Structure formats: structure tokens, C-alpha cells
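In what follows, chain A forms one complex with chain B and a second complex with chain C.
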Partner chain A sequence: MSNQVYPKDKEILPGLQIEKVDDRIMTLNVGPQHPGSGHMRIIIKVDGDYIVHTDPDPGYVHRGEEKMAEYRNYITNIPHLERPVIHDSCNILYPYCLGVEELLGLEVPERAKYLRVIAAELNRCVYIEYWLAIYGIFLGHSTMFMWPVGDRELLIDLLDKMTGARVTHAYFVPGGVRNDVPPNFEDVCLRQVNYFEKRLKEYADVFYDNPILISRTKDTGVLSREDAIKLGTTGSVLRASGVDFDIRKKEPYDVYEEMDFQTNVLKAGDSYARSKIPWLDMFESCRIIRDALKKMPKSGSVRVKLKPKPKGGDTEVYRRVESGRGSLGMHIVSRGLPQPYRLKISVPSFRNLIAMPHLLTGEKLGNMPAVYWSLNYWPVEADR
Partner chain B sequence: MSSTDSTEIAKTDDSSVASDLDKSLSDSISKKFSNVEIAYVKPDRIRVNVKKEDIIDVASFIRDELNFDHAESVSGVDYPEDKQIEVVYHLGSYTDTSLDKKILALATRTPREDNPRPGNDSTKLPSLRDVFPSVSFHERECFEMLGVYFDGHPDNRRLLLPEDWADMPPLRKDFRIKGR
Partner chain C sequence: MSVIAPKFRLGYLVKGITDNIFWIIVLLTLIGIPVVQIVLIYIDFPVIDGEIWNPFRVFDAMTHPERALPLVKNFMQTDLFKVVAFPGFGFAALIAAAVIFVERKMLAKLQLRVGPFYCGKVEGILQLMGDGLKLISKEIIIPAKADKPLFWAVPVLFAATAGAFVALIPVAPGWVVADIDLGLLAVFAVIGFFPIITILAGWSSNSKFPFIGGIRALYQMVSFEIPLILSLLGIVMLTGTLNLSEIVESQVNFPWIIFMPIGAIVFFICILAELERIPFDLPEAESEIVAGWLTELSGMMYGLVQLGSYLKLYAFAALFVVLFLGGWNGPWVYPIEPMAEIITDGIVIMPDALVIKDIPGLPLFPQEMINGTIWFILKTAAVIFFILLPRGVFPRVRIDLLLKIGWYKLIVLAFVNIFIALALVYGGIIGPGGIL
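== the complex of A and B ==
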């Protein structure tokens, strides 16, 4: 095969082996309380100004979601499963609902499918805005902290109207969505999304075309296409390294097949490309929302009625969706009980974490924030 | 893998709706390896059960000949009544566009002991880290959560649990949450 990524001879990727460390090397703990590390610790060994060894140490916000899910039935699992990423709560519930629907054999009403797409895309923008705000403040750009946090309110207001909650929506349920939207929602949504898109274009002037940002992020932490595939990275990290892989296109779920959008791919694989992909994704999200509002049936049921404590068969499912950070999969093992026998949440942050030692090793210490947060990493989600 | 090992695994036979590519993938595995069991072939989802001695050979074959290039997830499932723990690798492909939608689940089982001593008992599996580097952290998580030691993994340390965790691996079924 022409694009073979596994050469026959065995090689270990840099940063993934344990090394012997000598006397001139200093150990530096970044986190877990440091605001820049975000509830995780990175144990860095530096030789002068250069990072020679990186050991990420997540787990400070491990809640045992997978164990909790084994004790609760399929419906009562919903509110706690969204906790790992409350900013992207619709997208983390999406694979769970798709999986349970496959287990129980439920058919989702047409209007609910569109409402799901709108909620998921609004949520994706809310998440990316929050991530972008932190990336801005990481790099000392406080305007880029204020703007996204302010613009995020527009979408949070919309989600508030839709679901009744600002961040923890618990909106997706197996068999549809929890409730219909208020009567004038379509007009308000269209207006806010159009304004939001106008605001997004201004980010280029202040942030993405800013020479200071470019000089700090260009050519730092370069992840080649081959290594991105080998390490199994996903989402914006993968697409910034030139691999066109978006679950919404590759394995469309619900009505994404009918939506008019494109995936964003950049070839550079550096921090700048990784930080630009989510921003470009938000434009596509706006397109999807407008398209969904246009194509959505104007009335109809949004939820199928479920029996109390429904039971799955003796089987297993694996479903995945594209979340704000990348592919988010859920493996549900059912053994005819009202609760899952085993629920494995495969989160993109955890999958992208493996790229961190690979990218940071060999970088200058000052580039650490620019590389680390460009991985679109959410510590709470990685810990589950 | 013998038939008794797979009693918990789906018996649903959806092969009528599975595509030709799904079938040809599963056929090529069963043709190459005689003692491999194809648990099911659903649309875009294939599950292969192997013995733990064969898993590296089968995984290398899946990587080199079938073009699956990364692991999406590694889940461990505890079956106390069989005295076994199952580890399922969900493999996907980025390079081969015909495999975009496919997930190949490669499953194997290892004996479990009632009084686990993680790392020092018979609950061991060969690590797939040299075949798929992407399983590295997933296998570390599986080791601490279920006590499955991965032979050949250079870094079987704790990842998510606290350093002073002294109880049994928490995702085993005999670890109970208080009050539940």
C-alpha cells in the first residue's frame, strides 16, 4: 500500500520510552494545582531550557463514571455521564444514546434527529470557545480570553432556551430529545448564529493573523502524518496533521449525511494548525445549524415513549461520534439487564494524551503551553 | 477460543445485512488462522475472539494485511462466573478509505483470581503496544482498573488511580460501591 505508516522494522517513537536520567537534569512538576495544567500534572525533566522527558500524570479528577454506570439503569445514567465534559455535554451523550437505541431497537423521530444535530453543533461551538479562551490566556493574549467567553454566552442562551439549562443539559435521551424547542426558537437561533459567525471572522484579525501568535506556535510541536496515525490521535490533532477523518463524514449518524458542510484539514501538524482547526470547525458548525433549521420538519414528535427500566439484549455495541475534540466512542456490553454490564467510554482527550510526551520531548520549556493546550485536551474528560 | 469461553458474547447473527467487505475481512482472518473464532459480523462491526497466545500474530496480520492502523479503545470486561477477564481492542483505520466505517473488535481472555495481586498473579496478557503504539495508555488504564498485567509493556504504572490505592482493581465485579 502506498501510504503505509508501519515500516517493517521496529522503532520506538520518541517520548514513549522510559529513559535513564543523569545528574544535570532537573525535574519540574507542572500541576496539578497550576492553573495552566488544568487538574493534571505533567512531570517534565529539563536539561537547561530543553525538555528531555515528559510524563503526563492524569487522574486528579477521576470520578469512576464507568463504574457508576454499572449501577444505574439506562435512563438514570444520562445526567452523570455528561459530567466529564459539561461544556460539550450533548456530544458525550450522543454515542451513549445511539448505542442504547441500537440495543433497545428504538427509532428516533425525524424532528428529534434535527434537534440533536442543532444541539450538538451549538454545544461543539460552546466547547471550542471555552477551549480557545484558555488557549488565548495560556499565550498571554487576554483579549482572546474575553472575546470567546463573551461570544459563548450567545450560544449558551440558545441552549438554555432549548434545554432549560445553561451547561449541563441532559438533553439527549435514548429515543430522541427530552423536550421540544419553544415556538420562536428557529428565528432567534438563526439570528444569533449569524451574528456569532460574524464575530468569528474577527478572531482572525486579533488572534490567528497576529504575528506574535504565529511566531510562538508555527513549527512548534510538529506531529507528522505518520505519527498522528500511529499514535491513534483523533479530531483536530489528527486533521491538523493532514489526515481527513471526521466521523460526521466518515460514519454519518442521524441526519449528518444530509447536512451541507466540509471537513477542515491542514497539513502542517504544528501548534498553529492544531489551534486553527477548531476555529475553522465553528464556521462549519454554523453552516450545519442553518442547514438543519431549514430542513427540519416544522412539527412532530421528538421522543419515543419508553418502558420503565428498559432492558437490552445479550449483545454489545460500539458507537462513536465526532465531539468537539474528536472521535468519542462508547462500548456498551449488555447482558439482558436494565443497566449496562460494562460501559467503556473512549474519550478523545485520553487518546490525544499519548501525543503529549511525543510532542513535548525535545521542545523548549517556554513552548510547553503552546503545545500542550493545542492538543485540544480536556483533563476532566480524560479522567472520566 | 472454545465455545464455552464466548457464552457472554453476542449471539445475534446479522450476517445477512453485513456487506461483502465485512465478510471478506472476517474470511481472510479465519482462513489465515484456524483457531480464531469470528463472534459476529454486523454491518461495519466485526468481532474476533482469539486465544491470548495468538493475539500478537493476529494483530500483526490485521495491521499489515488488513490495514487497520490504530486502536480506538481498549475495554476490559470482568466475568467472575467464568473466572475470566476479557480485553477487547477496538481497531480502526485512518489510511484505508474503504475501512472508514469499520471497527474490528479483537477480543481475548485471561484467567482471573479471586484475590487479585495485580502484576503478580496469573492475570496476564501479551501487550499489543509494539503492534499498535496507540494502545499504550489504554493498557495502563486496563491494568489498574482490572488488574490485567500486560507482558512486554514497558510502563505498567498507575495512571488514573491514586498512588496509595490499596483496594482491589475497581472495575472488577466484586468491588462494590458502598450503599449500592
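== the complex of A and C ==
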């Protein structure tokens, strides 16, 4: 950053004198109609090539999921609750199902637990591939856009076989999973996951070891370990800053404690580390899927019978899981009704968005997409 | 407010067709026939068999090869042919069209997809035509507060400057539109216009993102023009001339890339930067500044800029071939002598019945021109391939890293290249009294 002293933001009334900062400073509205913004707006003030002020403005895709959940019963809530992240739908339904099972006192069959883990890990890879594709095109690397989108089809096919839908699977239900997998699923899954892992290794050649990419993303948008904890970031952003935090390890749910995998942690905290962690996570996901396929009971029930419109007690539960972006929690308040009295979704995207103004201010304008998308942020999920 | 499409009615269809026929007839009579007349009057008609030719007899002659061939040959010796057809705009535009198609297909193969596929049945070969028609039929929208004359001028200026660049390239011996002694200097002068046009586009559209894009283009082009010019000074020292045709003739035995690989690499990187191609496409960086200085251009204005940029790509690749790869020089792949049968026996259209003999126009082209053109096109295609390749491999660089590459690394390498050239001259290897 240059040595010039900029007017402090607190001297300006928010929203009133937004243009009258300085003649040198230009306000850019990045979004919502900007190819580099997603479904949101980032109000950026630049002095020359330096960003002096960042103001993220989400809320363009607010759908009122939490309010909608209060009008539907515990089963009919499933299809709309996955809408915020349709390409990570298993992981956003996971905490809901865990919470409702705790409310209703359901015991999930053993085979369903393994199927859940497989579906969740496949979905995590699908999400990360999509995210990585957009990261590639944000940096102007069109091959890194096409390759992940193409390889994602492998896993989409698997999920299609499992659940019957390419996206928006609605596969998890309170008390297990919706249906069992087809007979030869284990072999197909193992083969495709092995091939997928082979493809993942090629990303290093074309993207992660690329000298231009490294020169662009190394030491940009550095988030220190203390700041990462203080700002409440989660998931890959937190692990890229050197904090070993993964809910699958710290608070294992279902059968994750039996799975053989490790948490990837990098110390740098820059855009490069943040972009690399999800890629490394995909290898661990492949390990988990292989392990789960091996340990899964070969037959058995996958879903417990439920009464129509089951009622919860007069309690509240909070369950969280590790989604593709970080810890995703759901707080369900029950008042003895067939529907939740209040449902609060705590999304990782919004928690990572909080770090964005801290990282972007002082950076160059050219670093904006690299830093912004490395935060593993999905605008629709943040708006819920 | 939405516009609901009217239901299909036969009357509308008939009306549309008749309207189109009406306008085609009107435009043909008002524009087409005068244009043909002007073109025909421009050509000096030969006196053949004592007949004095006029434009009306030309139509008659076009059906008869014996009369048409001398006319064609005569037309090919005019300046008009050079400008619009062979070494000039038509040839370059044809190569540019091929480059767009090859780029899309090649990038698609790199990225595990098929690319253009349906348009034209065979591998989407007519996709460019479809895109062109779409661009022509689109509405041209100009921002309300834009500087309108300048904004209109930008696409025309860009395409025209690229065309001027194309005119300086010698394709085959004697086949160059503007064969001037200071050819290389003229190239530098033409290249110097592009940053002015881009900053004009950024400024006149009165919008923030085009303005940033224009400034970025200015920085980028200015900082890469210096190593570009410096990297070519070595060749000027060795050949002692600025005429591009003479530079090509000096490479009969060996191309200059053998002695100046460093200069060639510097020049190639500068080409990528001047063409605003990935990894140096900062002025059009999509995720940062929408489309850079092209943001407000719409319809055929955008199409003209794209045409200009692909003409520029051809011209730069051709310049690389001319300066480093020996231009049209190459072994004979085409018969050295013209085909004797046609000269002596004539063209046999029907045996024993219709044989056209003693055609005055043949051969239409000298043999070395065709051979030279083949080599020139082959080499240019190879260079264009290497210009297209980084788009599938590299991400975009940042502006400060870009300027660092331009000012710190490339200029130093360009000076190294100049010292190599000096060593070659004073070491007595090349030049007057040299070994080679």
C-alpha cells in the first residue's frame, strides 16, 4: 500500500457521503451485473490501482429459507432446505437430519450412516470442483474452468445413480437415507473415484504449479492465524491460516471417527494456500469414500419408519457438520409441533465473507477476484 | 415490461420475404451496379485482337476463359488487387477467419470439449459466419454521455490501423502492398497508434471499467513497445536495412532465429502483450473490469474491433516470420517450371471438341511466388499456433508483475541480443567480409 493517508471510514456517515471521499478515489460497483462478482455486489473504492475501501453487499438472492421452514413439517422441509447450495445439497441437509433425529429420538441404521458419508464426500468433491472451476476462470485460466466442470460429471453420475438426481438430491432424510444404492454401485464408485483422483493430480501441472499463478496469488490477501480465529472464519480459510480445525475430526458425527483421513493445514494464509486446501481436501474425500465402501455393511435397512408428521419435544438442538466451505450448523427450536418453531442456519459462507473487507483493503484491484473467490464463499448460501 | 412475440401468421412471413426481396433489388440497383461499374472502369482494359473493351463486354468475356484470363491477369497487376485481395486485406482476413476457427477448436481439444460443432454440419466450420451475422444484426447501443464522434471512430480506427499494419508485410517476392525502404520504422509507427486508440475507447465511452481498461492498455503497450523495438535492432544491424523485403532476402541461407534466439523470444513475448492475449489480457480482464476498454462497444462495433485484433495477430505473426524465420524462403515444393502442357496444348475442356489454345494470360502467377506463399503461410501458421497456445495454459498476470516483466527482464534481454548482434558483426562472422 502506498504511504498516503486515507480518510478514515468512520468520518463518513455510512451511505450518505459515499462519493465525497476524495477526488482521487473512484467507486466501482463490482456486481451484481459483473462477471467477477457472483450474486452479490462489492462496493470498491480504488485510488489508482489500490483498493482503499471494500463494502460487500450481499442479499440479492435472499429466499427466506428459515421462515419457510416454520410452515412445513420435518419431512417436507427437506427439498427446500437444500436450495441455498444445490451443488452441496447433501452437506446442507446433514445437520438438519442429525438435529431432527436427535429431536425425534431416531436411531439411524448402520448401512445408512456409511451411505451418508459416501454421499456427503461425493457432494463435497462436486462442490469443490465447481468452486475451483470458477476460481480458474476468475484468474483468466479457461482450462482450469473446463477441466473441473468436466471431471465433476464423474461424481455427478455417481450421485445420479445413488439418488436419482444430478443436483438437488434430497437424499438425506431424518432416519437414514431416502433409498438404497443400485446393486453394482460399489464397483462403479470405486472405479470412478480412482479415476477422479488420477485426474486431480493433473491439476497441479496445469494450475497449482503454474509460475504465473503462484506469482499472482502468493502473499496476497494474507490472513494471519489470530485474525482468522478472531473474525470467525471457518473451513478451508481457517485451515489455510494454520488452524487445525475440522468438525469431522473434532466433533465426529455418524461414522467419521472410524474413517481413515487427515486434515490438511497450511500455514501461509494467503490466497494460494486458501485455493490449495480444497484441492487437497478432495484427495482426503477420495480416501474416505474408499474406506467407507470397504467398511460398509453389504446389506441392511437404510431408513427407519416414521409416523406421518412426527412431532418433536419441547427442546432445541444444534448440530453442525463440515461442509465444502466449513462448519455448517443448524439450530432447531421445537415446541411440540410437527414443524420447527424456529430454524436458524449458520452458514460458513457468511462467516468467511466477514474476512473479505479486511483482506481486500490495501490490495491491488487485480487481486480482487483471486482474494474474493479464495474465501470459499457461495453468495446464495450466505443469503439463505 | 415484456414484449410478447406475435403469433405466427402466413401473411407476416410472405410480407417479410417480399420486403427482403424489395430491399435486395433496391440496394443492388442503387449500390451494386455503380460499384461494379467503378471497379471495372478502374481497370485498364487491354486491347485484345484489335477489340476495344468496355465494361459491358467484360460481362460477356467472363463466360469465356480465353478472354477472361487476360483480364484477370491484368487485374492482378493493379494496386487495387494488392490492397483488397492477395497480400492485403482479403488474404489477411481469410487467415484471420481461419485463426478464429482453429483457436476455438484447438482450445476446445485442450479443455476436453468439442467446441463449435453444429453450424455448417462439419465440425462447426461455419460458426464464424453465424457469429458475424449475429453481430451485424445486433443493435448498436451507445452510452448516453459518451463522446459520440470519438466513440464511433474507435472501431473504424482500430480495424484501419490493423489493415495498415497488414499492408507492410511482404508475403512473396514482389508481393507487398507498400514496399517502402523504411518498412520496419513504419511498422513501429503503426504499432504506436494502438495504445492511442485504446485510451480513446476508454475515455470516450465515459464509463469506469473501460477507463481502467484503457489506462491498463496504455501502460501495457507502452512498456512492451520498448523491448519490442530493441529486440529488432539486432537484425537491423546485421542486415543494414529497414526494408522488410530486403530483410527476407538476407535470410536465403539461414533464418536469423539461429543467431538471435534471445531476440526472437523477447519479440514473441512482446507480441503476446501487444495483442492483449492471455497471459497478458489485462486490458480485457473479465473478472476484474468486465471487458476492459471493449465494455461499451456493441454489435458490429465490437465485431470490427475483433476483426482488427485478429488482423493484428496475423500481422504480428507474419512480422515474426519475416524477421526471424526467413519469410518466403524455403525449398521448392511447387514445380519450378510452369506446366508446359497447358502452355502448349491449351486447356482441354472436352477432348477433340473444345480445346482452348494459346491463352495469352498464362501462367497467372510466377512459380516462385506460389512457392514463397506456401512457405510463408506454413511458417505463419506455426507462429500463430504458438501465439494461441498460452491461452489454454496460463492464467492472467497482474499489472505490476507485467510492468516488471517488461521493464526489468525484457529490456535487459533485448540489450543482450543487441550485444550478440554486435559481436557477430565485429567478430567477422556476419556482415561485410564475414564468414557467412
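The criterion applied here is as follows: the second predicted complex is superposed on the first by the 363 of 384 C-alpha atoms of A that agree within 3 Å, B and C clash if a C-alpha of one lies under 4 Å from a C-alpha of the other, contacts with A are read in each partner's own complex, and residues count from 1 in each chain.
Basically, a contact is a pair of C-beta atoms (placed from the backbone, for glycine too) under 8 Å apart; a residue touches a chain by one contact, two chains touch by 3 or more.
Remember, predicted model here, so these are calculated numbers, not experimental data.
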> After superposition on the shared chain, which partner residues are touched by A:T143: those of chain B (first), chain C (second), both, or neither?
Replying inline: second
> Which holds for A:P58: it touches chain B only (first), chain C only (second), both, or neither?
Replying inline: first
> After lining up the shared chain so the two structures overlap, which partner does A:L213 touch, if you call chain B first and chain C second: first, second, both or neither?
Replying inline: second
> Touching A:N367, do we find chain B (first), chain C (second), both, or neither?
Replying inline: second
> Does chain B (first) or chain C (second) touch A:R342, or do both, or does neither?
Replying inline: first
> More chain A residues touched by chain B or by chain C?
Replying inline: B
>> With both complexes overlaid on chain A, does A:Y94 touch chain B (first), chain C (second), both or neither?
In response: neither
> Looking at the overlay, does A:Y130 come into contact with chain B only (first), chain C only (second), both, or neither?
Replying inline: neither
> Can you list the chain A residues touching chain B in their complex?
Replying inline: 1, 3-6, 10, 13, 16-18, 57-59, 62, 64, 66-68, 71, 229-232, 238, 243, 245, 250-251, 313-318, 320, 327, 329, 331, 333, 335, 341-342, 344, 346, 350-351, 353-354, 383-384
> Which positions of chain A touch chain C when the two form their complex?
Replying inline: 26, 28, 34-36, 49, 136-147, 150, 206-207, 210, 212-213, 215-216, 364-369
> Once bound in the complex, which stretches of chain B touch chain A?
Replying inline: 8-12, 44-45, 47, 63-64, 67, 69-73, 75, 77-78, 88, 90, 94-96, 100-101, 103, 105, 130, 132-138, 141, 145, 154-155, 158-162, 170-171, 175, 177, 180
> Where on chain C does chain A make contact in their complex?
Replying inline: 107, 110-113, 208-209, 212, 278-279, 281-282, 285-290, 391-401
